[in-house]
Every structure is written in C-alpha cells, then in structure tokens.
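Below you'll find a set of structures to go through.
What follows is a pair of complexes built around chain A, which joins chain B in one and chain C in the other.
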Partner chain A sequence: MRRMRALLAGMLVAGLWASPATAAEPSPRDIMEKNFYVTKIKHLVNDSTMTLINDKGQQRVRKTHSVNLLQPNGIDSKIMIRFLFPGDVEGTGYLQVQHYDGDDDMWIYLPALKKVRRLVANNKKDSFVGSDFSYGDVLQPVVDTYKHAILKSEPLDGEACWVIESVPASEQIKKDYGYAKKTSWIRKSNFMEKKVEYLDTGGRPLKTMVAPEVVEVDPANHKWWAMRREVKNHQTGHSTLLVFEGLDTKQPVREDFFTTRYLEREK
Partner chain B sequence: MLRRYITFVVRHRLAAILAAALLSAFLSTQIGNLRVIVNPDHNLPQEHPYVIATNLIEQIFGSRNLIVIGVESVSGDVFQPAVLEKIQRITDGVLDIPGVIRSNVISLAARKAKNIAGTEEGMVVRQLMETVPHTPGEIAQLKKAVYANPIYVDSIISRNGRMTTIIADFKFGPELQGYRAIKERVEAVVDRERDDHVRIYLGGIAVNLAWLEIYSQRMQFFFFGALAIIMAVLYLSFRSFQGMIIPVLTAVMSVIWGLGLMGFLHVPMDTFNATTPVLIMAVAAGHSVQILKRYYEEYGRLHESAAAVIESLSRIGPVMLTAGSMAVASFLALTAFPTLTIRVFGVFTAAGILSAMVLEMTFIPAFRSFIPAPKRYEMERERLRDWLDRFTEAVSGAILARKWGRVFGPLAAAALILPVGLNLLVVDSSLKGEFDPNSLVRQDDRALNDGMGGTNTVFLLIEGPGPDAIKNPAALQALDATQRHLAERYSLVGKTQSLADFLKRMNKAMHADDPKEDRLPDSRELIAQYLLLYSMSGDPGDFDTYVDYEYQAAVLWAYLKTDSTAYIEQIITDLRDFLPRHFPSDYRVSIGGGMAQGVALNEVMVQGKLLNIGSIAASIYTISSLVLRSPLAGLFVVIPLILTVLTNFGVMGLVGIRLDIGTAATSAMAVGIGADYAIYLIYRMREELGRHRDADKALAVTLTTAGKAVIFVAMSVGLGYSILMLTGFRLHVRLGFLVATAMTVSCLSAVALLPALLYLGRPRFVFGAMHGPAAATQALGPRQEARG
Partner chain C sequence: MIRLPITGALLVINLALPAQGIPAETAEEMPAWRGWLKEQGFSGHVRFDYYSASKRLDNNHSLPGLTFQPKLLPKFGSWGDAKMEWRFTDQDLGDRREIKWARLLEGYANFYFGPIDVRIGKQNIPWGRADALNPTDNLTPKDFTLLSAKDEEERRIGTAALKATYYRGTYTLSLIWLPIFNPITIPLGPPPGFQLTEDKRSQGKWSDQGFAIKLDQTGGEIDWSVSYYYGLDVFPVGRPLSANHTVLVHNRLHVFGADFARTLGRFGVRGEAAYIHTQDPKGTDPVIKNPYVYYVLGVDHDLTEDLNINLQAYQRLIVNWHDQFEIKDQVLRDAAVLNVTFNQQLDRVQEGLTGRIKATWWNKTLEGELLGVWNANRSDFFVRPSLAYAFTDVWKGFIGWDIFNGRRQSFYGFFQPMTAFFMEIRATF
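On to the complex of A and B.
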C-alpha cells in the first residue's frame, strides 16, 4: 500500500515537472504539491543552530549536525541528528526513519547512560524537540491532507506570492495536526513558502512561520532550501529560530549509516 | 481678620454658594473615573524580602491569578466517564476564556498533564488523558497512569480519587478585567456541569480576591445607609430640617470633593478605601454640627441670622481650623506606612477633611445666612432638654461634687481588664480570615483543603550562580531533601512539588519502572540528557512553573492545609536553619508565596503600627502644644487618645479580633478624630472661664455646649460606621465595631475624663484665662473687638 502511494506520488511529481509551463495560473493543489517536493533533497548534510526563546527573552541554544537521506518514495527521509552543544548533551544522538503514512521510527542515544532507547512515536501536533515546530511541520503531510484554495496573489517584501488557504480534509486530520487552517504565502518564482500563518483547532491565531532566505541547493533538480526559519507562537510568546550552515547536497550518504549501531558512536 | 473674612463671605453669600456648587458639579463628574479595584500588591510591604521573592517568582513562573476548580464525585471516585467528561468540558471551557494562560492550565484533561511512563525500551511521555476513556480497561489504565506520577497526587487528584482539580492562571487584558471577571467567566463554565453526581468548589487567590471586590462594591449601598443614620442623629440633635440639612450637605459635598479629587488624580479605590467615604462623611457632618450648635447659641443671643453666623464662626473657626489641621496632619502621617493602600487611605482622608474645612469656611456661612433664620419653634425645640443634657449635667455634677469614684472608677476598671486584652491580642493577616466561616468562599476552601494538598502556598525560590545551575545534582538533591523534610516534619504540609519530582520519575521510567531507581540521577550530563529526551515528546512549557528557561532558578512549591501565620512562621524559622546546610553555598534560597507574604505583613504591621500611632500622637502633641502655647497642653490632649488606643487594642484582644491590615488603621483613625474632641473641650473651657471667671460655672457650660456637641459628633461617626457591621464581610464588620467602640471611648474620655483632669489639675493654659483678660483676648481672638 505504502509503495503504491509512493509510486503514485512519484508519477505525479514526474508528470508535473514534465508538463510545459502553461500561461494559465496553476491550480492551488499544483502549487502546494510543488511546494511539497521543492525541498525533497536526495542527500543533505548540514549543521544547524536552533535558538529557543521564551516570552521573557530567555534563550536555549542547541547546535546539531544532521545527515538526511531521501527514501525512494520521494517523501520520507532517514535522519541522523547529533547534538554538539550545549556540552552536557554533546554526543546525544537521534535517529528518525519517517513514514508519511504511519508512525515514524525513532531512537535516541544518551551518552551519560550509554544506551540507545527507542522513542514511542509522537503525535503530529507535538512539539519537535522543544521547539515551536511540530513533528507535523517537520515532515509535512502529503498535499491532499488539506484542501487548498488561492485567496489572492500579492507581493510580500517585494516577492510575488500566491496566498493559499489550506483547511484539513477531515476532522481527524484537524485533530491530529492541531490546525484549523493554514495560510501560506508561496513564492511564484520557486514555490518555496515565504510565510505561513496557523490557526489552532479553535480558530485562534496560533503561530506564524517565516522563511526569509532561500537558496537553490540543487539547480539540476530545482531543489531549494530555507537557510533560516523563524516561528513564533502567539499564544505562549515562545519563538524558535533555526539557522542552517554548511549545507552539502553532493556528499553521498550511505543507507547503512542510519542504524542504531552508528547511533552509539557518539559522533 | 477671620471675622472680616467671614463678613465678606456672608456679604457675597450667593457667589460663595454658586462657587461651591460649581466645584461640586465639576468634581462629581470626576467620580466617573473612579474604579474599585483589588490589587493585593497595594496591601503588601514591597521592600520585604518575602514580598520581593514572591514578585520575582510570579514574574518568572506565573501563577499570579490562580483559580482552583475542585470537582468531587458524590459516589465513587472521579474515574467514571460522566465525571471525566465534565473535567474535559471544564478544561476546554476554561481554555476558551480570554486571558487564560493556556500553557498554565493543568487538570487530568490538560495537555500539560503528562504521563511519564517506563517501558522495556525506554521512556514514553504522553498526555494523561487525550480523550475520555470509556471501557473499564481504559479507565483502569488512566487511573494507573495518574497514580504512577506522584507529582499529580494531592495536586490534581486526591489520594482517595474522590476529588480532582482544574487549575488555571489568567492574565488581565482588555477582555478580562478584575478578579470578578475571572470568577464570573469560570462560573459560567462550571455551572453547566453542576448536578447530583458532583460537587464543585472554587478556590485560589483569584476567587478570594473576587469576593473581596464584590464586598467592596457593596459599600456604595452601605454608604447611603450610613448617610441615613447620620441624618437621623442630626435630626435628633437639632429637631429641625434646617439643622439636619446643612451638615448633610456639607458631608455629602466633602465626600464628593474627596472622591472627585481621587478620580481627578486617577487614584483607584480599593477594598480598604471603599469605607473611607463613610469616614469623611461622618467627620464633615461632625464639624458642621459643632458650627451649627454654636450658631444656634449665638442666634438665641443676637436674634439676627447673619450676625449669628459671623459671631459663631469667628468664635469656633480657629478651633475648627486647629482641630481640622491636626486631623489632616495625622492622616497625612499615614503616608509613612510601607503599604500603598494605607498611604492612599491617608491622603484620601486628608483630602476629604481638608474639603470639609474649606466648606466650613465658605459654604456653611454662606448657606446658613442665605436660608431663612430658624423659626421660634425650631429654636425652642433645639434647646429642649434631653437625655444628653441630663447626662452632661450628671458628669459635671459628679466632677463638681468631687465624686471621683464615679469619674475615675470606670478608668480603674479598664486599667484592670485592658492588660488582659492586650496580652490576648493576636497579629495575623489572613485574607481568608476576612470572610465569614459560613460564607461560600470559606466552605469551598475547606472542602479543597480537605480533599487536596492544601490551598495555602509557600514557596522557595532557588537561584543558582549561572545558567544551567539547577542541573547540578547537588542542588537537585537539596531540593529533594527539603521536600522530604517538609513532608515528614509538618503534617499540615499537604503537598510539595519541584523539578526533582519529574527527574526522579524520568530516572525510574528509563530503568523500566524499577522502584529502586526512583531517585535523582547523579551526573549533570544525565540530568541534561533526560531533560532533552523529555523535550522530544513533551511541550516546551511543561516545566515552566518549576524551573526558569535557562535553568538558573527553580521553585519548590509547598501547599499547606492551614493559613495560620504562626504555623508558617515556625516552618520559616526551621527552614532558615535547614536550607544553608543543604544547598551549595553559591545558591541563594528565598522564601515567598501567599503565606509568607502574610508573615511579612505581620512583621511590618506590628512595627509599622506602633511607629505610626507614635508619629500621629507626636504630631498631635506638638501641634496642640504650639497652639495652646504650653507643653502641658499637648499632654492633656494626648491622654484621652492614648486611652482610646489602648482600649481599642484591649477590646480587640478580649473579643478575639486580630490586628491586621484592616484593623490596623482603626486606631490611627480614632486618634485622628478623637483629637478634635479634646481641642473643642479645651477651647470652650478656656472661653467660658474668661467669660464667667468661675471654674464650676465654666465647666458646667462647657459640658452642656461643647461636650454635648462632641457627643453628637461621636454618635454620627460611630453610628454611621456601625452600619458596616451589617455588611457580612468581616473586614468591614470589624471596622464598624472598632470605630464605634473607639468613638464611645474617645468621646467619654473627652467629655468626662478630660474635664475632670482639667478641673483637678487647673493647668495655666486653660485656667490662665480666668485671671487675666490679656490671655483670653489673645487666645480667643477678636471677641473684644466684636463687642466694641
């Protein structure tokens, strides 16, 4: 089943890129689908700094090194994250094998305990490692999880954007992901989102994410990456700043790297 | 000079009335700006270390406007779908209230209530109850999960499972103003769930303060009640409409001026000051009575209204101004008090009395000369002998007949009883104690205290030397040791919570729930890694109420089943010894919380109160000595006041009224008002001695004129205040009772004790008037000139 869907998704992508650009405005679903695949990069190695800031301006900074490998279905990835900073969590490792249509597999290695522990899958709406991103934000759901509509076209900070409103396709999806609505400003030039506003299940403003800087990391395949993402929770006043450095999409990443045996290596 | 001024006012009476009316109209528009608010900070000494710690904790960790909703199952425990659904709905309803701090809402159904569970593979962090369980198996699982996390036992679930709580914190904003709004919003959510299956209780600081707000707002009705009583006393005193209306107008205008001034200056009204208009009204009416009584005397002699106005005011004016300035000075002296409420009270009362003084010197003479002169029958009725005449005659009779037993007997009796009362006087500041034991707020509080860990909080703020200091195992061990110490040693400490509880639970979970591992990890790295691990499934704000974001400061919460400050003082003394022995030396531990603030208030109260009364007495002594030009004179004025204050405290001790924020200022008030009486008496006595040159005659006349007026003033203040005894709110009931008592004592000591002392001691500053006209003329001002 999983494979079937992946195949279907793959065909869709292929189809999309193959079709010549038409003068007509793309459909909102097309736009969101392109947005979904534009960041699916085969090999990705990077360092990132995550700064968590609470409503009083107090900060927690975490630096990590991460390695990603896109799975053949073109949607899921295998991710290995190693904590570099602060010192008391240095060497802590995190391995995630994503399954867009089911529960992810996750393991953590705690050097102080010298043990790998399996983590039970989280809800999509739960916070990702104490940040304002949810697990559902990190691994975006496939395009038809939401129903999309173009509200308007408007420039945002000088960039032409479509403004797309997305509502959950079912009550269950709304509950699982925790959003009643998402409004996205999608760049017309590259399909990367520039800003997303989220409403909670009660329809109250929940958070706003902005991705001001994007770079084309793989021009051959038209893949882009946001070097900086900021998300602010309007209800808690908490915000998260995620900054990437040292992006490498060329370095091949081996499949067998993503095992608990490698997780225990502490580096 | 004064005579010339009053003649001027009488001549331009219409303009004076108009000016007073216009000013009243303007100031009454300013009353609209007044708001009755309850700001607990106003009552607290902000420089006290406990208060500083509490403010800091509230700033970092929240929990300022906490409300506790207790849901008790009538039969069986709360783990049944019908009850759990109520918990879910109440939690959702509370989350929808504007101003709620969503991340600080905790209940079985709250997102923040996480189950930290151990499995063979590691640790799982999950919301306790995402959806209400229905099958027996699911319910049993939930119950097991709840009790496997000791942090929730006695905080959101009772030990026997019969009661559970929903605790929420609120932030004020345009959509949520005042504690009353919080209470009403929460009630709207909760009332839908009340039925035969559950009992629901509301508690927490926000509820207590909401009740305080409600009782304060009821004061406006009691104000009119007090006005009615004062009108009745005035009618009794003058037996005519004219006699009643002038003091009432003066009183109401003084209140309007005082309130308008408060509104104009945007000084908010609070609980304590809600009773202040009654005080101003009573004092202003009292002053007005003094002037009017004198007017009737002079009118009877001169038979010409305008002349009588000029005569009476130029005679009594200096006395009024002296007494008024003394009252203003003594109320302004309250600005030295370390709590804002009392400072505001001082300024407000001073402004009101000052307004009354201005009105006495402008509006009263203008209005009295404007309205028709009293008719003959009114004059006769005013002079009718009544029980008061018989009383004052009896007093002067006793003094003149040197029946000292009758005069000093009650004093001797008081001297025997009062020390007992003074010994029994308890200093205690409990907000809950202000409510009647049978009131809803107290009943709910008792139920919550019985079911859960306790509704009275004390907390310890632990500040480490830098970020991540709280992850130091030594600091966490000390936290844990303190929690165990409190729980083992004090039976009324029903619950303690800190970050250590969570770390112990995590350690146990990571070791497959092995009971031996229910302990703190001993390496800093492991602690940090557990916290990181927790963050992989928990929410960023889960520990916000226990540790600050940078792990530099932590809080230990202790919940007590009692609000006795004596009990908490004992704990604090013990902790002062315990804490330094357990925490590393570079960690600072401070004590705060509702209970500790009560202790702070007590400390300040005893100190501040004595200081305060001392300062008022000193200023009265100084002013009266200066005005009467004799160091002895001040003593004669202060003696009745000291007696009043001692009686006040003694009576409080005897009837079991605690010395607290509300009762503290009563004695200051009694002193401020009581000083008037002595001044009236002394001035009148001096005047009469100068006129009759006969001590016996002077004494008798003084008592039937000024003495009688003093009794009327005391009656209007005392009876006006006594209406507060009907409010049902203990703070106001006690205030009403104590002011009434203080007025009785200060009036009796001014009317009986003071004349007796003067008659016995024959001090020169009074009796000098009998011998030389020079002294009398000088002191009494322009009387000679008037006659000439």
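On to the complex of A and C.
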C-alpha cells in the first residue's frame, strides 16, 4: 500500500513537471537548463562583428577578438575581449571574471591612458557597448532566475520548437534585468534558442532576438553556438546584428591569460 | 623633436582612411601595401582643431591646428613585439606663432621570457589608480601646452627606459631604470626682457638617472600597489640667476607611494597616496620644493545606464612650510612665490575636490561631460564642459570650453589666460 502511494505521488510530481504539450517531453526547467549549458564551451576563441543600425538606417560597426575560458563550476567564464574596430577604441582590452552568485569582477585597459582600471559591475539591464543586447542577454543568467512554463510546441521556419514563457522569479530580478516576460522558441533538435521576444517591465513589447544560424562547435560535448544573432528594439527602432567568425574550440587557453599581463598587450 | 612640413603626412592619411562608416576591408580585398601596413598594426588619427587661446601663457589667440598621429604595432612572434607612435603637428596654421614639430611619443620593443617581460626604449610609465590626480605618477612627463580635446590622454611623452616585469599569479613586480631624464613641457612664457632657461639634465650623468620599483596586485576583491621612485622631479622650480634671468632646475625626489581600487556594490572606490621627500627636508631653501604628503580618495557611480558621476577629494600636507611672501629679497621672493604657486605649495595644507559627470545619448554616439577641479584654500578652479559626437565610426567631433579661474596668486588663477573655447574634428584609421 505504502509502495503504491509512493508510486502515485511520483506520478503526480512527474505530471506537474511535465509540459502541458505532451507528457513525454522534458520539463520547461529541464529545457531551459539544457539551453543554458548547451553554449557553455570549455574554451572558445572567436572574432565578432557587431553592427548597430539606428531607425534611419545609419550603421556603426564594432569588431572584437574574444577568448573565453569556462570555470570549473561549469557556469562562470573568464572573458578577454580586445576591440579591433573602430580606430578610436582599437586596442582597448576588457577582462571579465564572472560570478553567477554575485557581481562580476571587470577591468578595462585603455591604450591611450596605458592603465588598467577596475570597473563597477554593470546593471544587467544596461546596454552592452551601445547595442540592443543587454549585459543580462550577453551573460545568460542561471536557469532559476526565471520561472518557466511551456506554452506550446510549434515549428518555426521549418524547425520544431518548444515555446517557453519565462517570468522573473522575483520583483528584484524583474527590476535588475528589465524584463516582465521572455518568450523563447527553443529548438527541439539541440536546445538552442531560435527566437526570443521580450516585454519591458510595464508589459509592453520591447525587443525581439533571432538566432537563425547555429553550428555544433564541439560535437564531442554537444556544444552549439549561434553564429548570427539579430535583435530589434521595437520601441526605438534601433537594431543590432552580431556575427561570429573564426570560432575555435580546440585551441587550449591558459588560466594565466586572464590577467593584466595580457590585458595590457594592445595587439 | 624636429621641424617638418605636414603636407606629406596628410597624403598618407588620405590613403589610409577607410570610407565613412564602412568597416575596414578584408585582407583579401586589400592592396599588398595596405595589407602589410595592417599586419604591422598601422593605425592612428588626424585632427583639425581650433583653440581660442594657446596654452603657453603667451597671449596668443585664435589658433587653428592640424595634427597627424600614426602608430605601428609590429609583432615579432610569441617572443616579442614593438610599438612606435609619432605626432606631427602644427598648432597654429594661421599665423605660425607656434612651431611645427614632429615627435616620437613612444618607440620601444617588448621581449617575453617566461614569467618576465622586458620593455626597452622610449615609453610612457603612468602610475596610479586615482583619476587624473596621481600622487605616485612621477616617472614620465607630460606636455601641458598640447592643444587637444583629449589632452588628458594625449599629453604624455615617453622617456627612455628599461623596464623588467615579473608576473606571478595576480602579482606583478616591476623594476625600472630611467637612464635619460625627460622633463614636462610647461605653460610658461617669460615677459619681454626676461630670460627663462631650463637645465634639462640630459647629459647622461649618473645623478640625472632615475630608478623605480613597484609591487602590484590586480585581481580578486581589491587591486593595490606599493611603489618607490628615486629620480629627478619632472616638474621644475625656478632659480633666479639675476633680476631678469631665471633658470628652471629639476631636483631629486624620493617618492614612496601606494594605491588601491575596489568596488562596493555599485560604487567604485579608488585611493592613492604618496610621501614625496625632497632635497629640502627643512623647508629652508625657497627654490627647492618642500617634502609633502599628497593623497586622493574618490568614488564613481552610474546614476543611470547613461550617466556616470565621479567625485574625488584630495589633500596636500606640506612639511616645514614657510610663507614665501615673507622673503625680503624681491627677486628671490618673486621666484619663490612662482615656484609654490606652480608646484601647489602656497599653503601649509591644500585641499579640494574633483568631479566629473558624463552622460551619453543615442546609443553612446553623443557624449556630454562636465569635469572640474576646485582648490578649497583659494577657491580657484578649472572647469571643462564638452560635447563629443561620433558622426561615423571614423569621424568624431568635439566642442568645449576650458575655464581657468581664481586670483592671480592661486594655481588655476595663474593659468587664467589659458581659458579657451575649442572645437575639433578627428578621423581615426
């Protein structure tokens, strides 16, 4: 009898966790957890081009070279970014040591001043270098920052997706990240997001991000990367296109690379 | 520094600049020579500017200027690289009251030996974690006569030096030898009939050389350093030789310094302090600086995403201070008063505030800044309101106003004639 009760309780819990779409599918938290870890690559070197386009169509371009090293906790990374273009920021270095449970440590090296300067951690809702991505978008928060629910399953541009609604787990998180709700289209084939719609803290449509092109950059560990991301702010008309190239997940990256010694090297 | 025509430099710029707002070409599309220049890390800027007054206290007004500043960053491999940066400038295109000049700002090579980096050549060695006011920053000079909207960044001039740096984890130990002394360029124009010469101590004598050591920790919760410098003061003092002739001399210093930076929540906190021991510990020689303690403490904070504020307080405590206005000999008194005014030793304790408010708009393409320094003792101040707008990724414009104000016998009051409106258009490549 006791065994039967335990079995029924287990079935009930499993039922609660299961998506409303089909009972065989993973839970929305499992999907978002897999979405979180699928881009956690042990070491990654890449070049990127970010094109900022205003509502009049005028373009600004930012080119960077980045080196990432995943920390042993599998969540946080150390990141070194070198700006390559435009000329007035060329050589500027940016070092970030992430702490998922607190503020990140950040330093910037300005070639003109020849000084390394410790920075105050950004607010998660702040714009990332003038783009339509926020720091909270670029450095994806851990899965329980939001509460997730599966709305439905549907194909998007020919790819089967789960549609997941994520709401901030607290009022403080809503304030910090600047979103009242995110709706994500997550590919069933690899757990990478294909589209995300964001509502601002007042519940108004804020922006839409699409990631049309993803590649498996580390097949052994099933790690994927979006080679192109586009985000459009519906309230300002401004948009940002982020394109990655020269991705390298095989080149080993040493821990001591993430120090001021390398931050100060302008090239 | 050499004189030269500037037209040839402009031709190079014209060839090097990409079209407006369009990113640089890919390596495959470039002509071979441009590919080679890119491989050598060729970049720089050209700027045209206008200043309503010079920074030489020479009563010159309305100065249109043109500057070309290229640099090369060639890489030798994993064992080393180099940097060369020049400035070719004519700060007065119209009346040619200022000389055209070309200067190697930096020219050095880096060699990497395991945990040790060695840098040899003409280089800038800026020290200190405080903003703009740096008590520990005494190794390499600045050109205070430079006309540039980004003068705080660009007025530094390198000095010949050998620097060895040992790295261990987050710790860095630097040893520096400065075999050739290089002083600051000061805004001083002698009145008619008065001769002002400078002993630049560039004879390569042992007594003209400098040495420095610094232990730095950057990482974790707090960044800090302790440092020591023994060498000549890059700032001069005037020694009167006669009623109409003064020589600027540079005396020896011992500078014991320390600094730190950390974050407290959403606030950045920085501090820097130094004890400067001079050749006049008793304060009895009016033409040598007195020893002094100088410290700066400040915070910076983002009020909103696009609005940052930075506030600092500073204090100078002059050891064995004497009132230079009590000197009986008029020639000596005039020189002594000028020395303490220029070297900020007019009062026994000097204190004040610095502030900067910076705002950005339109996805950070428009920047507005208000920065200022206020000396509490004599209520003299410097204020610079300015705007900068990036027309494209290549072209940027600046407009602003440098305001120096105070009574004549105060630091910023002395520089009041340098008050100027300025505008600048700059292209980077």
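Here is the rule we use: the second predicted complex is superposed on the first by the 244 of 267 C-alpha atoms of A that agree within 3 Å, B and C clash if a C-alpha of one lies under 4 Å from a C-alpha of the other, contacts with A are read in each partner's own complex, and residues count from 1 in each chain.
One rule holds in what follows: a contact is a pair of C-beta atoms (placed from the backbone, for glycine too) under 8 Å apart; a residue touches a chain by one contact, two chains touch by 3 or more.
Only a predicted model underlies this, so the values are computations on that prediction, with no experimental measurement involved.
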- Would you mind checking whether chain B and chain C clash or fit side by side on chain A after the superposition? clash
- Message: Between chain B and chain C, whom does A:56 touch in the aligned arrangement: first, second, both, or neither?
- Response: first
- Query: Hey, is it chain B or chain C that touches more of chain A?
  - Reply: C
- Item | First, second, both or neither for A:238, with chain B first and chain C second | both
- Report for A:160: first if it touches chain B alone, second if chain C alone, otherwise both or neither. neither
- Does chain B (first) or chain C (second) touch A:202, or do both, or does neither? first
- Query: Of the two partner chains, chain B (first) and chain C (second), which one does A:88 touch, if any: first, second, both, or neither?
  - Reply: both
- Task: Considering only the touch criterion stated at the top, classify A:120 as touching first (chain B), second (chain C), both, or neither.
- Result: both
- Message: Quick one: is A:108 in contact with chain B, with chain C, with both, or with neither? Answer first, second, both or neither.
- Response: first
- Query: Touch check for A:130: first (chain B), second (chain C), both, or neither?
  - Reply: both
- Task: Using the touch definition from the top, say if A:260 reaches chain B (first), chain C (second), both or neither.
- Result: second
- Query: In the combined picture, which part of chain B sits where chain C already is, 2-10, 542-550, 614-622 or 740-748?
  - Reply: 542-550
- Could you give the residue numbers on chain A that contact chain B in one complex and chain C in the other? 52, 54, 58-60, 86, 88, 110, 112-113, 117-120, 122, 126-127, 129-131, 238
- chain A partner, complex, touching residues on chain B are 60, 95-96, 102-103, 119, 121-124, 126, 468, 471, 510, 521, 523-530, 532-533, 535-541, 544, 548-550
- Item | Touching residues on chain A, where the partner in the complex is chain B | 52, 54, 56, 58-60, 83, 86, 88-89, 92, 94, 106, 108, 110-113, 117-120, 122, 126-127, 129-132, 202, 235-236, 238
- Query: Considering the complex alone, what residue numbers of chain A touch chain C?
  - Reply: 49, 52, 54, 58-61, 63, 85-88, 90-91, 97, 103, 105, 107, 110, 112-123, 125-127, 129-131, 238, 256, 259-261, 265-267
- In the complex formed with chain A, which residues of chain C make contact? 21, 23-24, 41, 43-45, 73, 75, 81, 83, 117, 124-126, 129, 150, 152-154, 156, 165, 167, 169-170, 172, 216, 218-221, 223, 261-263, 265-268, 300-302, 305, 360, 362-365, 390, 392-394, 396, 426, 428-429
